[in-house]
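Consider the two complexes below, in which subunit A is the common component and subunit B and subunit C are the respective partners.
Let's turn to the complex of A and B:
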């Protein structure tokens, strides 16, 4: 079974053009909360279970339940709030384009010029 | 009156009710929390003792407000054991009230009433949705407070803490250093307990650790001075020698996440520099839990816990627990838990008669 290529996207003004795997995990696990230029990182998640979401979590090396428990821990420790989980890839695109410091993930074919691609998960065969 | 009601409604509507909500859209006040309802059954082995009871084990209510992008205020009200002031049940507690400053990931500062970092579980011991357990590893289980001096094993309060981490490739080096009151706010039996530290001593401690994506280990320590006035009076010892006895807590924690397997363990040793040949008040605690994520929603585990609390020459107590349990996430905010524990306790008061009991628990944990 194949899944579509996943693009990790950021707001156009994001100071980084690429992110390492470790940096991406730090952003998504709310360990690091600001970009290099001190702009707050705003992370978006995708709500519906899909190949895109599955591929993204696989890249992070965490199961969705593990990520949720990391976010819950941060919340109950008063450290940070969980990412906003949006209903569709279109909504993620729209939010990332409109929110300074935002980062999210969508299928590569959905990407428009309103956002910056900072990483692509290559197509894999299972 | 109606004006007052309107004000209240307006005030409530202007608050952000944020369960597992989302990253901040502004600087609103967020209100959220959790509770855990349990049913427990205990059957002693060899004795006709059976206890069964429902309980609202815990309810915590949080208020949080990001004052600026760098400053956050946080308040945590805790209600335990079906709290009811009307019926004199349970207890309520202002568990945390602090403001934090975040300069960077390397340096954060937390000021106010807080639970300090110590080993793996101390900060989250009362955050029941984060734990698969219903009965927590013994030194962290508040319902054992009447038979175990829990506060002696781990620090329960601090008032200022600097913490953060430094990244080096895939490694993160954690640190936390804190300061709080000496325990005389709890253990000075000669004076009324007011929560005011009347000594010149502090509690000081910290944790240093290393972690990667799947591995976490650290060492923790605290130093403070305990008043053993009541022990000295009871034993007829020299009072002056038991006034503010230095206490050292040492801890180590190790957690490993390998695929669907999870290992968590801790060791704590508490020593008192009482300098008395006949007296031994040292304490030890170890636990290890092996867990397996059977499915996305279903987690099972088994654990072995040992606690030794000396109060020689009066008595000592050894508790050994074997436990197994499961947690099932019904949805994002509700989980069901079940746990079995077999606890063996042995005391120097009656060394030939170890007490054994089986514990069975069911619980529902809800985040709101």
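Let's turn to the complex of A and C:
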């Protein structure tokens, strides 16, 4: 079928132009809390169940509920708050563009010049 | 190639091979069935039950998490709160552990026949609801952080409670599914085991039966011919050479039986030949000694008979002369009137009865002469019985010889005996033709005499190249075995005294022997007789 391409986007001022898979997982599971330039990482999640979301979590290698368990633990340990789950891709775009150190994911077609693409997943539909 | 033609070793190996294959086959079948059952049972114990346990534990841990969340909300003391947080962290680890265990076991399961869409759907539903519950938990902790404890508790007892009840029901259903599958697997394993056991039993019994049958069959193939051989060997040992084995297999026993048959046949033949040779030897010995004896007798008789024969005629002449003198005397007496003087003589003469005397003397002399003649005929016969080298050997036509003998017997056979001739293509035989003719005459005359009224004589001649066979058969009275034994002995006769000399067949025998031939007789009382002569052509 069609290729649902997912773009992992960051704030324009992000010091990295690309991220490895491991780094991405570390960012999302709040293991790494700051960028290279000490700016705190702000991770955004996408709330509605969609192809984009599914493809993203597949890339991470963990289901959303598994990720949420990690976030819950971090919250209880007082290490970090869970990422904010936004209601739409547009909102994600807007928040990432507006927040320093932000990172999020949207459909590649939605990406605007306000953010920086640091990774693209070409999800092959089954 | 038929089974019975195989070697014994191959037969045995084949038979036991079949048994072995069947046993091995049934064992492999049982083992495969059993191992399939074992797999199912292993899957139940090592996978299904732990899976159900993981799910049940997951259910308990999520419940414990909710209780811990409530207690966390109710307590205000930082230490107690921290304690609840620690408990919650451990519970989340456990929940993740339960999920890991369940997912790993589900992937590892080797028996797939119980996998159902129902289980997958239930677990997916649980995951979705559990995610929702996690989202609610974030909200709950947000509310607590904002000191909105009441709202937080309301959330836990409201929406979270609902969702919890919902996924708890899913988990319970999942446990049920796995429990059901486990007992179904156990039931199936039991059924499979029962049927495998039944099949194994049947196969074992079948194998035993088949083996017994095969062994009996092989035994029949091997033991029965051996028993026949033993019986036959015993028969031969006991002197019965007429045994014949009907074993036509191509194995060792068949070969042995074949050799055995050849052996008994050659033994039988050798024994018959020996018996025949023995009879012939006895016969020729008897004939040889009889020949010597009769030659001696003939010589001894011949001398005195010669005296008699030689003396009879002179004696007859002498007596005639005496009688002539007497007659002259009679005339003289009548003419010279010397009646007185010779009356006395006349009286004596009358007493003497001269005519009678003359007749008697003649009769006596006739008798002497007749006796002498007959004696000399006997002697002649005896001579021809003992001595043969009188005429020369030359090629002669056997069929013609028989024809000439028949010609001589024509008046005897005429209108009474039918002669049926079957002359073969017989080459000229180097022989004493006169002697052979005498043989044919003898035999045909005997045949004719053996036929009391009307009857038939069959004559058959043939030649196989080197040997000429002449068979003369009659429909006459035949003879008893006792008579048959003696017919070739001189002076043995069944005819009334004076009719047969008892020399015909001994002479015949001697002639045939002198030709290096053979004469055999086949006869039964009232069945006629057959004389078969074989002569070499030379």
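Simple rule for what comes next: the second predicted complex is superposed on the first by the 122 of 126 C-alpha atoms of A that agree within 3 Å, B and C clash if a C-alpha of one lies under 4 Å from a C-alpha of the other, contacts with A are read in each partner's own complex, and residues count from 1 in each chain.
Throughout what follows, a contact is a pair of C-beta atoms (placed from the backbone, for glycine too) under 8 Å apart; a residue touches a chain by one contact, two chains touch by 3 or more.
Here the structure is a predicted model, which is why all the values come from computation and not from measurement.
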{"item": "Side-by-side fit of subunit B and subunit C on subunit A, or clash", "value": "clash"}
{"item": "Touching partner for A:72 - first (subunit B), second (subunit C), both, neither", "value": "both"}
{"item": "More subunit A residues in contact - subunit B or subunit C", "value": "B"}
{"item": "First, second, both or neither for A:98, with subunit B first and subunit C second", "value": "neither"}
{"item": "Contacts of A:61 with subunit B and subunit C, given as first, second, both or neither", "value": "first"}
{"item": "Which superposed partner A:25 touches (first subunit B, second subunit C, both, neither)", "value": "first"}
{"item": "Which of subunit B and subunit C A:120 touches, first, second, both or neither", "value": "neither"}
{"item": "Partner chain(s) touched by A:13 [first = subunit B, second = subunit C, both, neither]", "value": "neither"}
{"item": "Partner chain in contact with A:33 - subunit B first, subunit C second, else both or neither", "value": "first"}
{"item": "Which of subunit B and subunit C A:42 touches, first, second, both or neither", "value": "first"}
{"item": "Location of subunit B clashes with subunit C - one stretch out of 4-12, 40-48, 58-66 or 310-318", "value": "58-66"}
{"item": "Subunit A positions touched by subunit B in one structure and by subunit C in the second", "value": "63-66, 68-69, 71-73, 75-77, 82, 85"}
{"item": "Residue ranges of subunit A in contact with subunit B within the complex", "value": "22, 25-26, 31-34, 40, 42-43, 61, 63-66, 68-69, 71-73, 75-78, 80-85"}
{"item": "Subunit A contact footprint on subunit C (complex, rising order)", "value": "85, 88-89, 92-93, 95-96, 99, 127, 130-131, 134-135, 137-138, 141"}
{"item": "Partner subunit C, residues of subunit A touching it in the complex", "value": "63-66, 68-69, 71-73, 75-77, 82, 85"}
{"item": "Subunit B to subunit A touching residues, read off their complex", "value": "18, 20-24, 30, 32, 34, 62, 64, 69, 72, 74, 76, 96, 98, 100, 102, 104-105, 123-124, 127, 129-130, 165, 167, 169-170, 172, 213, 257, 293, 296-297, 329, 332, 367"}
